[in-house]
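So, here's a batch of structures to check.
In the two complexes below, chain A is the common chain; its partner is chain B in one and chain C in the other.
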Partner chain A sequence: MSLTQSIDYAAISPPLVVVVTAVAVLLADLFVSAEVRRRLLAPLALAGTLGALGATAWLATGPARSTFCLAGGGCSYVADGFATYFQTIVLAALVVVLLLSYPLFDERERVPPGQVPAAEFLALMLMSVSGMLVVAAGRDLLTLLIGLEVVSLPAFVLVGLRRGDPRGVEAALKFFVFSVVSTALTIYGIALVYGTTGSIELHHIAHALSTRHAHSGAMSATAAAGVVLVLVGFGFKIAAVPFHFWAPDTYQGAPVPVAAFLSVASKAAGFAGLIVLLVVGFRPYADVWGPAVGVLAAVSMTVGNLVALRQRNVVRLLAWSTVAHAGYLLMPLAVASSQLREGVRATLAYLGIYAAMNLGAFGCAVLVRRLHPRLAIEDLRGLVTRAPLTAVAFGLFLTALAGLPPGVAGLFAKVVVFRAAVHGHVTWLAVVAAVNTVIGLAYYLRVAALMFVPADDAPVAPSSRTWSVSAGVAIAAAVTVVLSVYPQPLLHLASTAAQR
Partner chain B sequence: MDVTSSSNFPWVTVLALLPLIGTLGIMLTPRESHDTVKRVALGTSLVTLAGTVAMCLEYKTNGARFQFVQSYDWIKAFGVHYAVGVDGIALVLILMTAVLTPVIILASWHEAEDGKRGVRTFFALLLATEAIILGVFGSLDVFLFYVLFEAMLIPIYFLIGSYGGPRRSYAAVKFLLYSLAGGLLMLVAVIALFVVSAHRLKHGTFDYRALLAGDLHIGHGEQVALFLGFFIAFAIKAPLWPFHTWLPDAAAEAPTGVAVMLVGVLDKVGTFGFLRFCIPLFPWAARELAPYILGLCVTGILYGALLAIGQRDMKRLVAYSSVSHFGFIALGIFAFTTQGGSGATLYMVNHAFSTGALFLVVGFLASRRGSRMIDDFGGAAKVAPWLGAAVLVAGLSALSLPGLSTFVSEFLVLVGTFTVHRWFAVVAIFGIVLAAVYVLWMVQRTIHGPVREGIETFRDLGSREAWVIAPVLAVIVVLGIYPKPLLDAINPAVKHTFSTVRPHDPAPSVPVTLGGPR
Partner chain C sequence: MHLSLALLLSALLFGVGVYGVLARRNAIALLMAVELMLNAANLDLVAFDAWFKDALHAGQVFALFVVVVAAAEVGVGLAIVLAVFRLRQTVAVDELRQLADVDPVLRVDADA
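So, the complex of A and B:
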């Protein structure tokens, strides 16, 4: 192993740009006046994100680039189609989340429980995103693990950043404890896998496992235990049942934009790591993790949907719905190993559509919160007369999450994962998902219908401070509409990203 | 695909886009300029009508089965196409929609003027509804049809829920829930059809013509399940007894123009769906289940008519009479004879105008008296003779007086049914008798008899109202005397539709003299 490595800075430019922006935001906070700060910091973070997005787009058009390579072959960081697909989703999600968060650090903000410190919030979010970008491109166990930790540590603080808000502190603590436990399990699993294979590089692991699997009994069992433990660790990250307990409380306690961030960007990063590990590293053990993933998927969607039925708070409802969607996202990964490529493609396509519609739904929750700070579902009654555009957008996102017109994008997403499951010979899982889709309809449509119950209220003029939130929701809505009308490009991108 | 197609002009796309452009135009006009909004709406609908007439003139009745076809890949991964085109059935229904929309807009001229809700939104929604319905009738891709079928709900829901009567909220939500339930079943069937086609035809497709040509040979059990998925959705939309309970509420609470749009135009999508999807795609299931469906139809004919007799609210009366009429339409369809099918298709058109006329005159009466209850009226014809005459002609067309359009279609349906299902036809005839009872009763109690208190100040028909009702009544009279052009377009399409379920008509046991196949 050579001690000096040449680094391809182009390959790592997206996380690099994001980290530099985070530092710049912190420094700017020190040197400028409070008045300038408010107008400078958020646009600075947004510009950095857009820059990283541009770098990712540029990488996506070129050939795959690898860096941090070892002498023995194998690279720790690969910016291929898979990586850029996830990085694009994460960065695009960050753009929307930043727009949604803008009112949070406005000193004039009156909606309780008030504002958060802008520089810290923005820097932490950017740092967390840099971790996600690394996870998407990481190709060895340690890079993935470090990436995941970089995702999580700032996120704890983000959840509890609101001053004097006991719920936020509780949410952050819960999130922290669960996350630390899951990390411990993941590290233990990685140690077991490393112990049996002697490598942290995924292709080496796959090779070692395939020979090990055929021969030795005890070693094989140890490696299998390692695989399952890593799976458990990632189960926490993507909030799959039974590792989901942190999600509803954390989402509800955190500022709503942070919940949106966790439910889309953080989940995408979790899936990126999970897919790389399972499909590249642990592929020889597909007969071990395949059924396990199938069970996780079935339980996640069922529990998530059933509990969502009983929710009375908009954010909690969305939180449980994200648990259910983790199940739909896992479903195609449970297919027989010969069909795994189509499965990965389906998960990627679903994730792209899910990101748009879920961000939009949380964005609408931010808008609704300004009218109804409690965010009870009952408050939505007749929303269409008070805030027509918000109600129409929220209706679009909810029907998309349910998989019905006019949110046809959600229907396409569902069809993609169903088809993958049926082709991959896990028909039982497709049946479970079909039943779950019907349960999902019940609560999504109940909320959507409630908003459109005609009422005689007068429209409420939107406050001037919501323009950025509206812009964020509009972006999500535009993407959802485009994906509803013409999903072909996304499906194509997903399938090229899955060609590995 | 259709090299024999007479014209490649994309009529369907153009016709569906015209009202959408009008919608955009309305949204761009200033909020206060109500008159501009209305003129734009009326102008757009008239341009659409002109385009539709041009399309009909270009249509070749002996040409290809589907004409003016356009087909592009939309979502390759799912075999979804943007495929549009018309056969004779779709053609006459599009014409019907295009004729009625200007009437509806003119009839709704002063709707939504109470200042609470937007005039712009009202007319924009009406035009959007027209655009979607034209798209539904013109689509040749199952998925495209499904999306538009569901999309129809949205404008109508807001039209009823925001501009309707006192119980509008209840009626709109009930309408929405019924329709969504049906739509869900249809969605399952649509996806299942895709899976079946993927199984039988290598590549899954939603292209209607590919599905027809592919000769799917779907297994019997699957056929029944798929048939029911589509059938129940359409039966709710139509609505067929016992799926009709949303209709009286929705029609009674909707503003007059919207009620005409709903019952006259939009509900025809249900019966159109029977002809377009249920029968050609699942012939075995259609044949097996036909006797039960005919039973539902006959029950609906009698049930709707009996409940219409019992109504005191005129709008509800018209709504229940429509349940009865929809029974007739479905009866003609599921008899699987060319006469029955052609009669049913003609009935769809005639019903739109006759029920439309009834809703319109009821609207005129109600707007003068401030009540829809029959008991509040009496002797209106003495005060307002032209209004009385309009009520009378509309009523007579609803009871199928010979010489008026509904008679031709009802006769064809009954003859077409009689040749194959004698007893169903015989029982259905009682529906006509009951229709005479409820119509004449309403006419007698509202416009004849002594002039009641509150009626003596009635205005006669205003010029706008005359412009609204006169074209509708004219169509009723003209089609009663000369239905041949429509039947010429309808007959070949109906023969194609029934070609899988019953290739040849049974020899008629009753001589046919009127308007039958040449």
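So, the complex of A and C:
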């Protein structure tokens, strides 16, 4: 056996660029003075992200590349349409999150309370994103697991990085405990799957599982238990009920841009891994996981929406809304095995639109936080007179999340997943989702209406420190508006990504 | 040695770990229980690898990676526990209740 391995560096260029940027940010922090630091670090991270985005776009136009292949066939890392679709979403989300978090940074040696050290924050966020890029392209259990861990470990620190903030560390500890327990369950599940199939490569697993499934017995039951345990870990990552308990507390305690990052980029990575596992690896067990995913979807949207109804804090409301959206995203994956490609396409399209509108909503929360640090929903009353542009943007994102005009993008997303569910013969799930959409209207519209109640406050002048946040929100708003009038390119990309 | 002995031991270890996670309040003890769960999985992986006589030794390699993952998790975890102790003078997970859904009305008042 040859001891050297040929690596296709072009295929792994997006995560490679991101990791190199992370190291460069840390090194630059060591060698430059405090004045240069503030002007250098964030633009450096942004440049690296844009470079990785360019590499991904280049990969997306060419044929699928794969690397780290076994002699007997099967590759660990495949940069195909599916991988580049997710990588593009994650990297674009990172661009917006970096803009949102710019006012948090502090370049001094002793960081004052409430701020975060810039270099550590940027490097950790880039490292977490490199994990997401690997998860999107990973095609064996080991690559997926390590990718998932690379996503999670820096994220724990990011949540608790704000200096002297007891709620931040509480959020970090809760996030950490839930994550490590679900990772342990996943690894045990992987051990069982390996034990029944003899491989960690997804195509081999699918082949072995289809023969296992034919002869029911102890081995088949063990494999089913392994499949379910592996799904638990991904259920945690996407914050689906009943693995969602960490999400509201973590989002509320974390800096708001980090909450935006977790709710969009981390969720996208979770879905990438989940879809690859279900569609490629565990396909023969579709009769085991199909109904389970359906129940998870129904419970996630119902619990998420019902609890969101009684929230009094903007970030907690958005957190429960992301739990509900995990349900909508899971719904098309519960379809019958023959319709699965259509289902995957629907989930991918929904995720693209969800990323834009949810990042925008969290971005507006960052802007509102400057005026109202408590972020209570009651504080939003009359926001339109104090900060008209923020109120209009927030209204757009909330109606999009609800699926109403003028945020038509959200409506398109809902139509796509409903159609997939009805075509895939899970009409009961579509009915549950329809009821949930109505419940969702109640709380999204309550908040949106509250902002447009006339008040006699004077308008507050925008602060010079938040220009980058405004830029991030503007990008999200532009994408949402474009997807509202012209969603075809995204739908087309989603269907090419699902063709595998 | 028969494969089932190793699997039985691993299942027992995993059970002890799950019990520890559910019953323990101290964050450090919780971390130790998670380590038990991870090592139960490792035992399984290595036992299956030996049983298959896997030419690629995927199970053993996986177990090595899990060891590294566990070490990284403990490193980050202890740092977080230390930060929690500095700011809150406790590491009991059930005493961390500043962020909760208990009473949304009180919640907002306490935020001020």
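Just so it is clear, the second predicted complex is superposed on the first by the 488 of 500 C-alpha atoms of A that agree within 3 Å, B and C clash if a C-alpha of one lies under 4 Å from a C-alpha of the other, contacts with A are read in each partner's own complex, and residues count from 1 in each chain.
Operating definition for what follows: contacts are C-beta pairs under 8 Å (C-beta built on N, C-alpha and C of every residue); 3 or more make two chains touch, one makes a residue touch a chain.
Bear in mind that the values here come from a model prediction, so they are computed numbers and not experimental data.
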Which partner does A:Gln252 reach: the first (chain B), the second (chain C), both, or neither? second
Which partner does A:Val169 contact after superposing on A: first (chain B), second (chain C), both, neither? second
Partner chain(s) touched by A:Leu142 [first = chain B, second = chain C, both, neither]: second
Kindly classify A:Pro406 by the partners it touches after superposition: chain B alone (first), chain C alone (second), both, or neither? first
Superposed model, chain A: greater residue contact from chain B or chain C: C
Can A:Val180 be said to touch chain B (first), chain C (second), both, or neither? second
Tell me which partner A:Val157 touches in the superposition: chain B (first), chain C (second), both or neither. second
After lining up the shared chain so the two structures overlap, which partner does A:Tyr188 touch, if you call chain B first and chain C second: first, second, both or neither? second
Partner chain in contact with A:Ala376 - chain B first, chain C second, else both or neither: second
Would you pull the chain A residues touching chain C in the complex into a rising list? 70, 141-142, 145-146, 149, 153, 156-157, 160, 164-167, 169-174, 176-177, 180-181, 183-185, 187-188, 190-192, 194-195, 198-200, 248-249, 252-253, 307, 310-313, 316, 374-376, 378
Chain A partner, complex, touching residues on chain C are 7, 10, 14, 17, 21, 27, 30-31, 34, 37-38, 40-42, 44-45, 48, 51-52, 54, 56, 58-59, 61-62, 65-66, 69, 72-73, 76-77, 79-81, 83-84, 87-88, 93, 96, 98-101, 104-105, 107-108, 111-112
With touch defined as at the start, can you tell me which chain B residues reach chain A in the complex? 74-78, 116, 146-147, 150-151, 154, 157-158, 161-162, 168-169, 172-173, 176-177, 180, 183-184, 187, 191, 195
Touching chain B in the complex, chain A uses residues 404-406, 408, 411-412, 415-416, 418, 422, 438, 441, 445, 449, 452-456, 486-488, 491
